[in-house]
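In order of appearance the chains are A, B, C and D, and numbering begins at 1 in each one.
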Amino acid sequence: MSGNSIGQNFVVTTFGESHGVAIGCIIDGCPPGVELTEADMQHDLDRRRPGTSRYTTARREPDEVRILSGVFEGQTTGTSIGLLIENTDQRSKDYSNIKDLFRPGHADYTYQQKYGQRDYRGGGRSSARETAMRVAAGAVAKKYLKQVHGVEIHAYLSQLGPIAAETVDFEQIEQNPFFFPDASKLDSLDDYMRELKKSGDSIGAKVSVVATGVPVGLGEPVFDRLDADIAHALMGINAVKGVEIGDGFEVVNQKGSEHRDLMSPEGFASNHAGGILGGISSGQPIVAHIAMKPTSSISVPGESMNAQGEVAEVVTKGRHDPCVGIRAVPIAEAMLAIVLMDHLLRHRAQNMDVNSSTPIIGMR
Amino acid sequence: MSGNSIGQNFVVTTFGESHGVAIGCIIDGCPPGVELTEADMQHDLDRRRPGTSRYTTARREPDEVRILSGVFEGQTTGTSIGLLIENTDQRSKDYSNIKDLFRPGHADYTYQQKYGQRDYRGGGRSSARETAMRVAAGAVAKKYLKQVHGVEIHAYLSQLGPIAAETVDFEQIEQNPFFFPDASKLDSLDDYMRELKKSGDSIGAKVSVVATGVPVGLGEPVFDRLDADIAHALMGINAVKGVEIGDGFEVVNQKGSEHRDLMSPEGFASNHAGGILGGISSGQPIVAHIAMKPTSSISVPGESMNAQGEVAEVVTKGRHDPCVGIRAVPIAEAMLAIVLMDHLLRHRAQNMDVNSSTPIIGMR
Amino acid sequence: MSGNSIGQNFVVTTFGESHGVAIGCIIDGCPPGVELTEADMQHDLDRRRPGTSRYTTARREPDEVRILSGVFEGQTTGTSIGLLIENTDQRSKDYSNIKDLFRPGHADYTYQQKYGQRDYRGGGRSSARETAMRVAAGAVAKKYLKQVHGVEIHAYLSQLGPIAAETVDFEQIEQNPFFFPDASKLDSLDDYMRELKKSGDSIGAKVSVVATGVPVGLGEPVFDRLDADIAHALMGINAVKGVEIGDGFEVVNQKGSEHRDLMSPEGFASNHAGGILGGISSGQPIVAHIAMKPTSSISVPGESMNAQGEVAEVVTKGRHDPCVGIRAVPIAEAMLAIVLMDHLLRHRAQNMDVNSSTPIIGMR
Amino acid sequence: MSGNSIGQNFVVTTFGESHGVAIGCIIDGCPPGVELTEADMQHDLDRRRPGTSRYTTARREPDEVRILSGVFEGQTTGTSIGLLIENTDQRSKDYSNIKDLFRPGHADYTYQQKYGQRDYRGGGRSSARETAMRVAAGAVAKKYLKQVHGVEIHAYLSQLGPIAAETVDFEQIEQNPFFFPDASKLDSLDDYMRELKKSGDSIGAKVSVVATGVPVGLGEPVFDRLDADIAHALMGINAVKGVEIGDGFEVVNQKGSEHRDLMSPEGFASNHAGGILGGISSGQPIVAHIAMKPTSSISVPGESMNAQGEVAEVVTKGRHDPCVGIRAVPIAEAMLAIVLMDHLLRHRAQNMDVNSSTPIIGMR
């Protein structure tokens, strides 16, 4: 299968370029009988949508999704679900001047070399605009996971440049435009972003995502471990350069006696593992973190090259996010939801005889 | 496809338990005409093999691989390649006492819950013994990549607990039992490991892997980006809790003007990206890092639970590696090789009209 | 991967119901640089389109396809291609009376049992309306195959009920509304169809499809043989009950000395094999035949059952084709094109070192 | 995925050449808890085994299968199952004289062209010897299907050249070396085969396969319909040139009023459809037929070509079956079992909320 699909039993396939006619996706394998309307997806789409605060790009897209198939009389039918978002605010002329330019840190050079040509308008297929469809598909997965298993998935911005959250208050996340869980840092964030915008530069970020209520048993060792598939899905988000499960890179300097999560009939005593043991969910919360690089679309000039092999200077003037980590929050949730949904279905396929949603050896 | 296969066009499928009759794999999609003998795989198998130094487990396995098919008169034929390693030093009785025990930090509990039963001997399928087959399959990929494209893949232990390499001397890696690239730290490592063994504890590690000579253009956005598939493959190695590409988590506090790799007709000025832009190889070295957790098989006692739901104390007495990061070095190379090989073939499928191995717009 | 996709390297995924908002598909893996406009697909869509002659259903759909992505400045870019056809002439009320009825010979009962519900309007997802997207995707494959390898694919109606073609004149096929290759039988066909419509009944048919210019070497034994994948694709067309390659069922009573195609440096002396040996194309024309059942949507009353488990009589009054074999002609071409395209790309992936398009040992 | 695997959730991957060291396979996705020993597979292996009667090849292979993994204490564990059969009676020298010869009707020419080389010994990978592994894997599927759903799968030789069964007595099938269901024709068959062997020629055959007890609901439209996947699996058996479901090619001359299977609360009145409607099992018996070509390995001389592009005469002297259809009987059962097993698991993945094994709207 070529690279525009993710999943084995819950399969999401996307299409669409930043400045094309429309973006869309097909969800294949959604169980029948799920109540679904456009509104179920619109909330997350709105969270990802550009133009909602002064901290994100000024491009304005209503991002209204339409369900084209797979839903009848308000319920999924088990057949493939077609979703579509028309592109409205395209402003293609913004980009004509970079037609032959390879912007440093962007995919211009690699797309050109791979395919021998590219849609240069706004990054074409390499633009994060495509992630709107992931958010839409993820909303379907989130709804099912919540309804059937009580799974809740929440992501948040855990660090923006030098400013890290010291507390995590899930209530706080939706209360501020940064999706930041530590209210005491909001002023610092605001100051930092103002300065950043003035300088024309951008900044990296760390996003964390947590799923609670995940049944024990999801994950297909040895290659399609749950953590491996989460890593695949999260690293596949634009601008991600690192993925951690549980303690992540902190384990490098941990001892076995510190790291291992002791267990008893009362449950696990800690969650260094991030909810996954041997590639299979343990019933604890799934915890993952991702590192988002600073966008390369900045107004600080930089040396580059053009398609004629000549030196060229690049100054990006379009509408861009100074910190792409912010809008990545709903995308991270969506990707985790898609992976969990896929693994739930994969697990069922093989283990219906086993009662998969209830641990066999229960913890109290 | 179920979880014991990796790859789309170069597919590796493994089987085998730690203390079963044998472990093996099938490689499907290897190009014909590659000269291949058991010796090509044995070198890497020996590097991964247990019992080679006092820093690794005392289990002794010759790990002699046999080619059962797919090779005729010394060359691959393009048909599926069957590989087999018989298990010899199994000592199953070592494990009978943990039959009903869920060792903390291990996959015992999750396998039991997922499948309703498990082969408890030495971890069964969840044991890292299975990775011997990945090393064998990876050796085939490495050979082809080197022969046809001059790709070289080298991994090394970049950090063991508190001791990090300060210099990277590729010549040094194979000169010491730690695969450590900084000779000035070897005494410290030796001291550290002696102390660790005495304490009965284990320690985490960081492994780095670098591929040079990778042609520009590998990677299939948007989901099967090269970095996403590398993350999948590396996170799928036992005990890995984090994966970084290029600067990894350092990007969280980088500015766009620092991070982006400027380019000119002379080439790239830096490699913060780790050789991948927009999910596609840029022609620069591919650089990845993984975090290996400390093994949970330690002789420090720990509270746990048994299959009857009762409290139980666990003390591991078997033969185990105090730092699984050491033997992960050849495994990381193998997994990167398998991913690159798969993507090379995937790229060719779609882009034969484009001359994929030579950049269209050359850098000098 | 769930069931709405076909192919491994050239992947077509469809969505859409007979009376939904729209039908559509995503083509993933199309090589870049192929000149493509809507017009390239429209010709085949028009051949499949309902309402074009008195021998097919009276439903009128303009079936105008829109390219939503993957094409830039008139050429494919190598990214996923989104295609969409809006449904216009839906007349859903025609179907409300069969909401709870399981029409014999239809998928009503099995969809209801499988999914617990169904879109009953015009057969929903089980309607052949979905095949319009296959025809559109197939047109892309046909164009590439013709341009790059000179492959030509032609299907025709070889038999309609008792009337079989005795000669095959490829020029004739597009000259009559039956896609029939034997002009001497056109009057009989017309008479037969008039009588059939009067009786309110329907009739089966045989469709043949031939591809010339197919390079030697396509097909991936042992399971994804070219013939096996052709059988999968053709049996997957609505109403198909049988697939033959080459001599097909005639081989049951053939001797080896009759059947085997002798070969010499001048070429093959015959083509009983239908262009495939050992699951791999031989360079001869690929020849396949399919059996199309008579549609079950007829006005002859028939006993059936409803969703309440009661006896019910069924009389279909909607707009239907008396012989679905006629409109299956462009669909069969499309499916063969999709399979050949996929196998061309799969072959390239593994065998770029081998010059795949020219036989190594040439026949003159 | 390359071509040596079949299935999505129950995946069988095979390796091995006719005269290599061994043949083997990996079954991935088998549910845990199935009681399994070598004996479960040996019965079907013995039915397929060469050298068991004077009507089949004289090659003698004990075909003793070994389970290498995935089974612990007599039960499957849910992990990948490795199976191995060593080749013993190889006699490679029989084949040295055909090293450079392209035998007509064989895969010699196409393998050589596809891969640039081939293992010519006994046909190498293209030999039907590989099907032993399919029979072994199929036996696992058959056991599970029978145990959990009461599914029974039986194939038989329905026609050998001009001699067709007129009655089908399932008891009779295992009583004669032809797997023929009509005892009244056994003498004719014996006479026919004697004459055939004398003439040095071979003959085609028709094999039929029936599965009873298949739950309603299996099949994944629109591309992975149950009939499409059965066609793929059966056409993928060596020498098969045609596949029919239910009435197959007879539908070409049927009317809708004859073909459609009327239904009532008492059940279906007939089974022209062969147990599949809209690509989904209906709960009726699944019925399929395949056409097996006469083997091309005959002692009747035939003109061919060699690897040097010269004319060459071919006379096959090795040990071969005069009618490959006979030994195809257990292979057809195995392939149908593998497809049904895969679809059972695929159906469960998506439809656990629906009670898949019991029809929602019951027939009495």
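As a convention for this text, a contact is a pair of C-beta atoms (placed from the backbone, for glycine too) under 8 Å apart; a residue touches a chain by one contact, two chains touch by 3 or more.
Source: prediction; values computed, not measured.
Engineer: Tell me, which chains sit next to both chain B and chain C?
Structural biologist: Where chain B and chain C share a partner, that partner set is A, D.
Engineer: Between copies chain C and chain D, are the contact residues mostly the same numbers or mostly different, with half as the line?
Structural biologist: same
Engineer: Need the most distant chain from chain B, centre defined as the mean of C-alpha atoms.
Structural biologist: C
Engineer: Distance-wise, how many Å sit between the C-alpha centres of chain A and chain D, to the nearest whole number?
Structural biologist: 45
Engineer: Taking each chain's centre as its mean C-alpha position, how far apart are chain C and chain D in Å?
Structural biologist: 26
Engineer: Between chain B and chain D, what distance separates the C-alpha centroids? Give it in angstrom.
Structural biologist: 38
Engineer: Would you mind listing the residues of chain D that make contact with two or more other chains?
Structural biologist: Only 1-5, 8-9, 14, 29, 32-33, 78-79, 114-116, 125, 221, 346, 350-351, 353-354 qualify.
Engineer: So in the complex, the part of chain D that touches chain C is made up of which residues?
Structural biologist: 1-6, 8, 14, 102, 104-107, 109-116, 125-126, 130, 159, 161-162, 201-206, 216-225, 227-236, 238, 240-265, 269, 273-274, 277-283, 291-298, 300, 302-305, 307-311, 346-347, 350-351, 353-354, 356, 359-363
Engineer: Which residues of chain D touch chain B once you look at their complex with the stated criterion?
Structural biologist: 1-5, 7-11, 13-17, 20-24, 26, 28-29, 32-33, 66-70, 72, 75, 77-82, 84, 114-119, 124-125
Engineer: Of all residues in chain C, which touch chain B in the complex?
Structural biologist: 8-9, 29-33, 78-79, 148, 221, 345-346, 348-354
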